[in-house]
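Below you'll find the structure I mean.
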Amino acid sequence: MEIVDIVPDVLKNNVMITTIDGLFKWARSNSLWPLTSGLSCCAIEMMCAAAARFDLARFGYEVFRPSPRQADLFIVAGTLTWKMAPPLKRLYEQMPNPKYVIAMGSCANEGGPFADAYSVVPGVDKIIPVDVFIPGCPPRPEALIYGMLQLKEKIRHPEIIQKVKK
Amino acid sequence: MHEGLLVNLTVFLTRIAEFIFGNIFIAQLFIVLLEIVVIFAVISLAVIIQVYMERRICGLIQDRFGPNRVGPFGLLQTVADMIKLMSKEDIVPAKAEKLLWGITPMLLFIPAALVYAVFPFDNGVIFADIGIGIFFVIAVMSQGVLLFLLGGYASENKYSFMGAMRAVAQMLSSEIPIAFSILAIVMMTGSLRMSDIVSAQSGIWFIAVQPLAFIIFIIAMLMETNRTPFDLVEGEAEIIAGPFTEYSGMRWALFFLAEYTNLLAAAILTVTLFLGGWQGPFLPGISWFILKVFAVIFVFMWIRWTFPRTRIDQMMALSWKVLLPLALFNIMATGIGIYIYKWIY
Amino acid sequence: MIKTETYQLSMGPVHPSTHGVLQVLLTLDGEKVVDSVPCMGYLHRGIEKLMEARTYFQCLPYTDRLDYVSAMNNNFSYCHAVEKLAAIDIPEKAQYLRVIMAELNRIASHMIFIGSLAVDIGATTGMIYPFRDRERILDIFNELCGARMTYSYIRIGGVRSDLSSAIVDMINKFLADLPSMLDEYNNLLTGNEIFQHRLKGTSLLSGEQARRLGITGPMLRASGIDYDLRKDNTYSSYDNFEFSVPLGKNGDNWDRYIVRVKEISESAKIIRQALDGIPDGQITAKVPKVLRPPKGEIYDTTEGPRGEVGYHIVSDGSAKPYRIHIRRPSFINLQALNILCKGYLVGDVVVAMSTIDPILGEVDC
Amino acid sequence: MQGKGLLIGLSVTLRHFFSRKETVQYPEEKLVMNDLFRGGRLILNEKKCISCKLCAMACPNEALALTVEIDEQKKRHMKKYVHKSGRCLYCNFCVEACPTKAITWDKNYEIACYHIEELTYDAVKRNKEDENNEY
Amino acid sequence: MKRRYMGRDKLYTLKKDFPTDIDFDDAAENPSLIIRSLPYFPKIMHSLNTQHKFDMLSNITAVDYDDYFEVVYDLTSRINSEELMVKVPLAKASPALETMTALWPEADFHEREQYDLMGIIFLHHPNLQRILLPDDFIGYPLQKSYRQAEKEGENG
């Protein structure tokens, strides 16, 4: 639901609320700063996405912040193990709201090749909420960019998720 | 000598204000406040342009484009970043020294903006043309480090504290070469006043007369502004983000702003001391000034995206064992030069 | 009286310079490192256990994910071991193709090394250039087997597909451009005085120490010990090619960097010779649909980009391996971390960690 | 001479500042995926499929869950062909194992989704949906 | 140059020194050395290290057979260009044997890994702790009897 819909009729003339909301949505969707955190294979593809050929910077998403305090986006790139789960959750909690999570690759989605292993978390969404899933093992850098653009859509139009869900 | 465009504008505005308020004192106060607002707006705009420049230059150097999607040519990218940072949650670490931690980012902007009071932007356009101009700049610029120390200490984070310690060490090593390299110029002009230094360069810029001082000054200025190859304070690969590690959202943005404000100040200082300030043919002074400042900023960014980072001990060794003796030698050479010059003429 | 105290700093598991999820517990005295302990296992995925439940063919994709920046070399090592166990003879042509791909992947892996070292040392541009050039190799692999990182190209009994003329052209073109790429890295990084000052004389590892710690690969050779399995225990068709093994002198960070840079051109030499001399013939040997190696045990090693990759396979005569244990070079090389860090500054720890060049997928298995 | 290397480095980066850019502007320009590319979703050609389940047996990680139905004429039909892409290694073993080349990749890597349920899909059902869309 | 397996003559000389303690399959092409008596194990390894110049302990692995454990050492001699596989069977009840860290310092991580995943105890090891799995992990996953506990709690 848009904030516009919550506004009582008396205040409908108050344009500022909706404008600022829209402005923030525009700003957030155009400035997703990912946390520098590669878990495994997909991290290399994440680096490739930021390198010359694919250039994440065109969308303004290249500011990889090493400190979770300044990051907006957590790209879980790789296999999550039970040993890594507590630090990962802590990192997620250290990030300031609003924060987003992308699960990149099969391992992060549902455990991937290692779904049956004794030490692997079968899916990041068991630990932290995930906004976008990117299938692939590892996904191509374009697929990551596409995933980030999907996230951008989601931030701008939060209502589209309900439409897609069956 | 007051003939610049901006001066005339100010005089004109003062007249209008005097007419409105009917009191010369209130009118002048009003104009001063207006000037402060304008300078803050200009600094903010310059910072936004610098951040955009940095990201584009970084991209172009690295065979890619850099931000080019948000707005025309990606010009609104930094605006989006700033608005986003404003809308972020404000996290205060549970173990931080709350008061110190909270006020640090706000205080940090003061020394960063204060130095702009004595910079001559154009002929006669200077807020306070005080007699100890250059001394004032050196004194105020070094205050920034105190707040780095404060922020790093108050965060109660080991990385922050290490960053803060490094910041202090770095400031101590950079201030002295800066002061000594500037001293050579002061010897030549015989004045600490900024406008005198600029007008002394009407014939020949000091970069030609004092090349050694210029090199020392640039290297020390890179240290002062914490930029690669001397970005030890926030060396990402080593100590995460140094003193800012625990800051988020708008508080971090203030650190970020202060950093680029310092960079701008460093570029302005370089232009004023070595590149003839606002002076130049044909175009009005202010445009020459802006052109030169951004050229210097480009060089700083170019250096940043080319060089690796030094180690803390190497940085200090460079400063104390190389730059300082060289600066002292330069002072001696300048003294001899001045003496010979006077003896000939 | 002033008293100083040491303090603990935990670098990782998420830290920009630990190349994944390695955690290093540093005991520091100011900025000086007193002690450093690597803690791994944050990426332990139990590959050895998973392999026991899969057939020999199905194990292959898992080897891709061990050392994920040089999957070809892992495929190679695994297939070599299984073939030795099952006594399968590989056609000459397949061996040449394997060597070409393994060496190309070695170049790609060393490019990642240069890039990550550069970014750890603060030169971001130095990271982008090798990554840009690595894309060329990935293009070749993509054309060859349709994947950028997890190739599964080298199969038990041979290789998956033949080289097309387009791929040969791509490789030739890459090899022609390689010297200019290396020149660029040398101009940007190797020649840079700051870079040299950072690397030279730091994190010394003597030859004797390296030998005793079982260090292998470029790290051992940087300490001046001439030991390269491609020469000292030739496998596949490496004895057909002329190449030299670059050696370092002091075993400092600089040597570890330079040895790898030199290895890139040596690998290029091998590829060139192999491309010229590809014999005609089959690309796969006859391998039964369900491979049941005879009962027995094998330990086989090959030279990966990080050192000696070894597979210990126990077969009980069934289609699935009874036990596989993998000797991962980065895992063993990490034992040297304390020697490399002790007595140096925090800035050197980062560099030392880079020049060990651990890949966490391999360390944690 | 100290400092020479620094100047050479600066010249390298300045040259690149003006040189041609390497970037493929992704959403507008796309790299062409070759025939071997393994990625995207599996397409099942039901006419070719003989329901032998070799693909599921070749899979290292049980990412394919098949349901085969035997109709009145004792012919085998694929009723459900579920591909759990969350377990998939994209190793191509299933495609290679197929004796009739009935399965292929659709080579569309733009399949990021918002819900975890969308990762698992039924290729037979997708075929039907496509048919319905066409008519 | 190709590495050889340790020559049969050398194996015989070794057998002469430790007649009852070691064993090898004479019929096999590359017979691995099987150590029958645990007390002599460090001595035999010492002799391999010093006399036969096996300067590299390339790999340590442990195999879980139906009724015994077997620890396998893969030795390499860079000097003589030789290799050798040494096997030590251990009883299921007490899988413990002497550490090799004194002879080959590189054995440190290898032994910790086998302890972690297979539950083999290496006596006198300087720091025998879990290396890959978390400290609170229960069981030794590579043992054939290990059954994965019901997906370790959905709440994480």
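We just call them A, B, C, D and E in the order they show up, numbering each chain from 1.
Throughout what follows, a residue touches a chain if its C-beta (ideal position, glycine included) is under 8 Å from a C-beta of that chain, and two chains touch if they have at least 3 such contacts.
It should be emphasised that the depicted structure is a prediction, and the values quoted were computed from it without experimental measurement.
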Counting one step per pair of touching chains, how few steps separate chain B from chain C?
1
Which chains are shared contacts of chain A and chain B?
C, D
Sort the other chains by how far their Cα centres are from that of chain A and give me the top one.
E
Give the label of the chain whose average Cα location is farthest from that of chain B.
E
Report the chain closest to the protein's overall CA mean, measuring from each chain's own CA mean.
C
Chain B and chain D: spacing of chain centres that average the CA atoms, whole Å
52
Chain centre separation in whole Å, for chain D relative to chain C (CA means)
28
Centre-to-centre distance between chain E and chain B (centres being mean Cα positions), rounded to whole Å
64
Approximate Å spacing (C-alpha centroids) for the pair chain C, chain E:
25
Chain A: which residues touch two or more other chains?
36, 51-53, 55, 58, 66, 83, 113, 116, 118-119, 137, 140
Enumerate the residues of chain D that touch no fewer than two other chains.
6, 9, 12-13, 21-23, 25, 39, 60, 89-90
Residue numbers in chain B touching two or more further chains are 58, 61-65, 236, 240, 305-307
For each chain, which other chains does it touch, given as pairs?
A-B, A-C, A-D, A-E, B-C, B-D, C-D, C-E
In the complex of these two chains, what residues of chain D are touching chain C?
2-6, 8-9, 11-13, 22, 34-39, 58-60, 89-93
As the complex stands, chain D meets chain B at residues 6, 9-10, 12-14, 16-17, 19, 21-23, 25
State the interface residues of chain A toward chain E in the complex, per the touch definition above.
82-83, 85, 89, 118-119, 121-122, 126-127
Please name which positions on chain E make contact with chain A in the complex.
133-134, 141, 146, 148, 151-152, 154, 156
Show which residues of chain B lie in contact with chain A when the two form their complex.
55, 58-59, 62-70, 74, 76-77, 79-84, 87-91, 236, 240-241, 244-249, 252
